[in-house]
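These are the structures in question, set out in turn.
In the two complexes below, chain A is the common chain; its partner is chain B in one and chain C in the other.
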Partner chain A sequence: MGPLSRYARTDWFGPLLVTVLAIVIVGAFNPSFLSPLNIQVLLLAISVNALIAFSQMIIIAVGQMNLSVGAIGGLAAISFAGMMQVWGLPAPVAAVLALLIGLGAGMVNGAFIAWTGISAFVITLASLSMFKGINLGITQAQPFYGIPDAVKAFGNTTFIDPLPWLVLPTALVAAGLWFLLNRQALGRFILAVGGNQHAAELSGISVGFTVVAAHAISGLLAALAGIMLVARLQIGQPTIGDDWLILSFAAPVIGGAVLSGGHVSVSATLLGVVIVAIITQALVLFNIDPFLVQVVLGVLILWAVGINRLRELRLRKAATAGA
Partner chain B sequence: MAVFEARGVSKFFPGVKALQGVSLTLEPGSIHALLGENGAGKSTLIKIITGVHRPDEGQLLLDGKPVEFGGPRDATAHQIGVVHQERNLIPRFSVGENIALEQLAGHPLRRVDYGKVNETARHWLKVLDLDIDPRIPVSQLSVAKMQLVEIAKALSLKSRVLLLDEPTAALTPHETDILFGLLRRLRDEGVSMLFVSHKLEEVQAICDRVTVLRDGRNACESRSMQGLGRQDLVRLMIGRAELIADWPSRDHSRAPAALRLQGVSTTLGHRNVDLTLRKGEIVGLYGLVGAGRTELAKCILGQFPVTAGTIEVEGKPAKIRDVADAIHRVGIGYVSEDRKQEGLVLMHSVLENAGITVWRRLARRFGFLTDGMVRAKTEPFIRRLAVRTPSLGQLVGNLSGGNQQKISVAKWLAAGVKVLIVDEPSVGIDIKTKAELHELLRELSETGTAILLITSDMPEMITLADRIVVMNAYRIEGEITNTRDYRAMSEGIMNLIHRVEAA
Partner chain C sequence: MHAEDSAAPPSHAGSPQATPRGASGRPRFWLTNEFGLIVLIAVFVTAFGLLTPGFLSPFNLFALGRTAAINVMIGLSMMVVIVTGGLNLAVGAIGVCAAMACGWLIQDAGLPWPLAILGGLAMGAALGFVNGWTVVRSGLHSFIITLASMSIFFGVMIFLSRGESYRELPSVFSSFGRLRFLDGTLSPLVLVAVAVAVLLVVLYRFTVAGREMLAAGAKPEAAALSGIRVDRVFIYCHMLSGLLAGSAALMLVARNGAALPSMAGQLGQDWLLPAFLGPVLGGTLLSGGRVSVVGTVLGALLVTLLTSGLLLLQVGEFWVQAFLGLLLLLAVLMDMARRSFLARRRMV
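So, the complex of A and B:
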């Protein structure tokens, strides 16, 4: 087996190829794409979107789905902004409390799924509605404007040009998730339950605990994304999170995640986010109707699923031939 | 002293007495066979020993002390290891991690030390003489290798009692030899093993004690294999030979062929299969688990591609594209071996299940269909089958196994197929229902339907079949005309299978 075909088997190779191609092509047509300012704007979008994608990815890993990712993120976002404006809490305290709200919301999801045995789809559909309702009850659909300047600066300035501050938490999360899923027992439990729940259970893994843990992590990451979005938008919008759902599935799937569970890749999911960001930006640069972004995203998902299916078939064929 | 003992164990399910006062004693350093026909209660007993079910009566003793298992993890904690019939590996994980998963479980915050994981795995793979790199994913292994990895996994728990549920079903003779060598070594080291298999020659080769179950009771309990011949085991398993109904033999050699396979090869591995079903005839397809019988049925139905040869239905070549095509255009029906997974929609009513095959034919313009239309078509068959259900609106999931099976046959009667493939029709149903089902299949064949009967139940085969075709390793090994002489028939069948294994 040559080195090329070995790379072709990894999850990140295909998305990386697409990323490089996209950068080269878009950059060739429009050199301003590679300007420091544009790279900074891209990185801002990628930082937040990656957390949204990771929040869904961890649930895909355990073989479920979380429709309430956006609702949890939105709730954490307005809580963060509201606690600072109304109660005058310092930003770090408000951020920690908002993260705890996300963690708690995720644990509630996981506990209900584990306890009732009802599908995650239904439970998170219900909790999506409840979290969003609480959000609207608190905000009365009005944004919070009282965001401290330090928070605004964190969301919009760079620490080394063109790297924005927002890249830091995302980079830490990505490294942490990689470690969790590849080196830590809990991450392996999550993938084991997603891969074959019955076998995981017979091997002594507590399925309930694992499901709750995965949802807790998901809630935490969604909340972090919400908080970072408040910093970036400089305003506590009640609509934060409303448009996260498609992206949250698109990036992991482009990154080769198996929707039935048991297999996800942090690096490839990150590349999925990058691809979506580049394409979104390119369409803006070329003055293409923004509605087309949705269509292109849909095509991209189909294409990625098709590629994954092909790879799986080829792997299976290789396995039977080798047997 | 006995390592493990089950004493007077009973287990009742709604409508079925799965086990009644069954006992079993496992000695250290012994390989103990657990035998019984399908439905005799073997799998229920295994589930009790492994903590999946709790016994309704009786008790389990470990080293002479009573124990109760709250779940499968409890049983493993008591050093009872199991190699299940179905795969219990996580496909994307490495071989090493699959083997070591039990050691990881319970410590979610611990860092996984892959060096140690692979070292442990290498040790157990070496014990098994397996040349597998513990770092490769399980999904890249062959089925046989996966089976051996599962054994390594069970061994790694340092089990004192090891349950092996049909461990050789997916193995080649060579791999089986390796496995047996290993089991003997484990026996000499004092491990107590319970060996479940349908292959009597394997049982005779490796087991020193035997417990036979029949209809949920002990036909013999933990006796020595000394002096027990193959026929003795068979007699213990099936009991008196009088179960065989006394139907006159029929000769269909002049009847036109309903289904004819010539030189058929498939992507699943069948080679050069010739098989003819004549109108009104019941042909039995006998073989051991893994011989490729169900797989052949699925290929005939168009679920998997046929790569060579021809399939003719009523003398005309039939290109069967998919299952819907097989049912509606060609007229081949299939009663699945796995009625819960493949045969019935358990959450739907009796009427919906029985009518599923006729909807397409009955539907009027714009797919308009009423319950009345379906009822008129299916009710006569449900009545004739004496399905015990309070109403046609009852959910199938609430009926007993036997009644479920009747409904999965009824839906094909309503469909009016020319060829019916029946796969293990009496697994898990009681003797009375079984007899009713046999009469029904016989009647159905009298009306001209050709039936291909797949069963591992020898008495059933000899009761029903006009001819018996023996399959082994995805090939047809030969054919015998059924004389309904049990001894001669079972010997003839076993000789056909043996001939291959001896070769």
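So, the complex of A and C:
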């Protein structure tokens, strides 16, 4: 087996090829795409969207789905902004408390799913509406404007020229998740439960604990995404998180995640986010109707699940032919 | 244990615990989900009637009926896909597309309104067909397919309509929505919803197509072996779902007097909660193969009742949403408790 075909089998190879091609094509047609300012804008979008995607990815890994990613992110975002404006808390304290809210919300999801055995879809649909309702009940659909300047600066300035500060938390999270899923027992447990829950249980893994842990991580990441979005938008919008659902599934699926669980890739998901960001940006640069972004996202999901399905079928055929 | 399972699967002639209340496992009426819902509806009607003076006024009953009729249709449009063991996240998006198609046919294409309504319904069924065909052909779960298609349908609709609404509809729409029977308490929309529910009961009880849908949903492999064309049946289920979503949206147009692109929220997501609340409260199995049309109707009625009552109690519309989420959670928990109670009763 040559090195090329070995790479072609990995999750990240296809998305990487598409990313490079997209950069070259868009850059060739419109040189301003590669300007430092544009790269900065692109990186800002990627930093937040990657966290949203990771938040869903960890749940896909455990073989479930989390419809409430956006609702948790929105709740954490308005809590963060509200605690700074109304209670006058310093930003780091407010951020930690908002992260804890996200963690708690995720644990509630996980605990209900593990305890009742009811499908994650129904539980997170119910909690989506509860978290969103609490969000709107607190804010009365009015944004919080009192964001400290330090937070605004964190969301909109760079530390080395095209690299914004917001890239740092995302990079740390990506590295941490890679380490978790590849080197830590908990990460392997999550993938094992996602791959075959029954087998995982028989080999002594506590399925309940693993599910709660995965949802807790998901809630934490969604909250972090919400907080970073407040910093970037400079305003605590109650609508934060409303449009995360499609996005959160698109990137992991483009990155080859198997929706029935047990197989995800951090690097490929990150590339999925990059692809989505480049295409969205290209639509803007070429003056194509922004409404079409939704259509493009939907088509990307279909295309990616189609490719994944083909790959799966080919692997199965190769396995049966070999045996 | 293992020996018993494999040795004699169907012959339970001698065992007493296998026979009570028929092989279908249909429990006594007072233990059914439907009975529980009727009790809850009666309790809440009494409570709201006593607590809020306006709750039983003709106007409120009329408004309640109109909203309930639309919620029932949304619930049914999800239910007919849950039968297959799948789901349809795109109900809201399909509904809005159907309503906007109807508006376009009247306002821009100049068609008479009966043809435009047919056109809108056909649009709903056609989008349902796209969903069903894609699900069946790809072999993927309907969750991811309809997640993608909801984004595509809604995006194309917004692109084509430029986000504008159709407000100059013929007066039949709004006058149908405002029409009142029985001392001003009953909306004709309720009659439409009841008629559709009756048709669905007939479909699932008495027609071959309906029985095939249930069989294919319960166990696709077994259904295929007994000669049912499972793929085709699943596509029919999705088309029916699109048709019902389209009807729900047209009823909403009659109530609002206009076709608005925003009437189901961003991507039609606002319909998701009512769409699942009805069937889940009504005891439809999410794994497929079992439906309760009456339960779905009662579930949607209960949800509408609670929403209206809480709003009259001045709870605030935002908290009502949180409450509905809690209700969904309580409903599935209660259903679980009921099932385990029934299972235990049968064991003893």
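Here, the second predicted complex is superposed on the first by the 323 of 323 C-alpha atoms of A that agree within 3 Å, B and C clash if a C-alpha of one lies under 4 Å from a C-alpha of the other, contacts with A are read in each partner's own complex, and residues count from 1 in each chain.
FYI, contacts are C-beta pairs under 8 Å (C-beta built on N, C-alpha and C of every residue); 3 or more make two chains touch, one makes a residue touch a chain.
In this text the structure is predicted, and so the values were computed from the model without any measurement.
Within the superposed three-chain arrangement, the count of touched residues of chain A is higher for C, of the candidates chain B and chain C. Using the contact criterion defined above for the overlaid structures, shared-chain residue A:Ala199 touches chain B, although it does not reach chain C.
Using the contact criterion defined above for the overlaid structures, shared-chain residue A:Leu302 touches chain C, although it does not reach chain B.
Of the two partner chains placed around the shared chain by superposition, chain C is the only one that A:Ile134 touches, whereas chain B remains out of contact.
Shared-chain residue A:Gln184: touches chain B; no touch with chain C. Here chain C touches chain A in the complex through residues 87, 134, 138-141, 143-145, 147-152, 154-156, 158-159, 163, 266-267, 269, 272-273, 276, 280, 286, 316, 318-326, 328-329, 332-333, 336, going by the rule given at the top.
Contact residues of chain B toward chain A in the complex are 72-73, 76, 82, 84, 87-93, 97, 101-102, 104-112, 114, 139-145.
Across the interface of their complex, chain C is touched by residues 65, 112, 116-119, 121-123, 125-134, 136-137, 140-141, 242-243, 245-246, 249, 253, 259, 289, 291-299, 301-302, 305-306, 309 of chain A. Residues of chain A touching chain B in their complex: 183-186, 188-189, 191-192, 195-196, 198-206, 209-210, 213, 262-263, 315-316, 318-320, 322-323.
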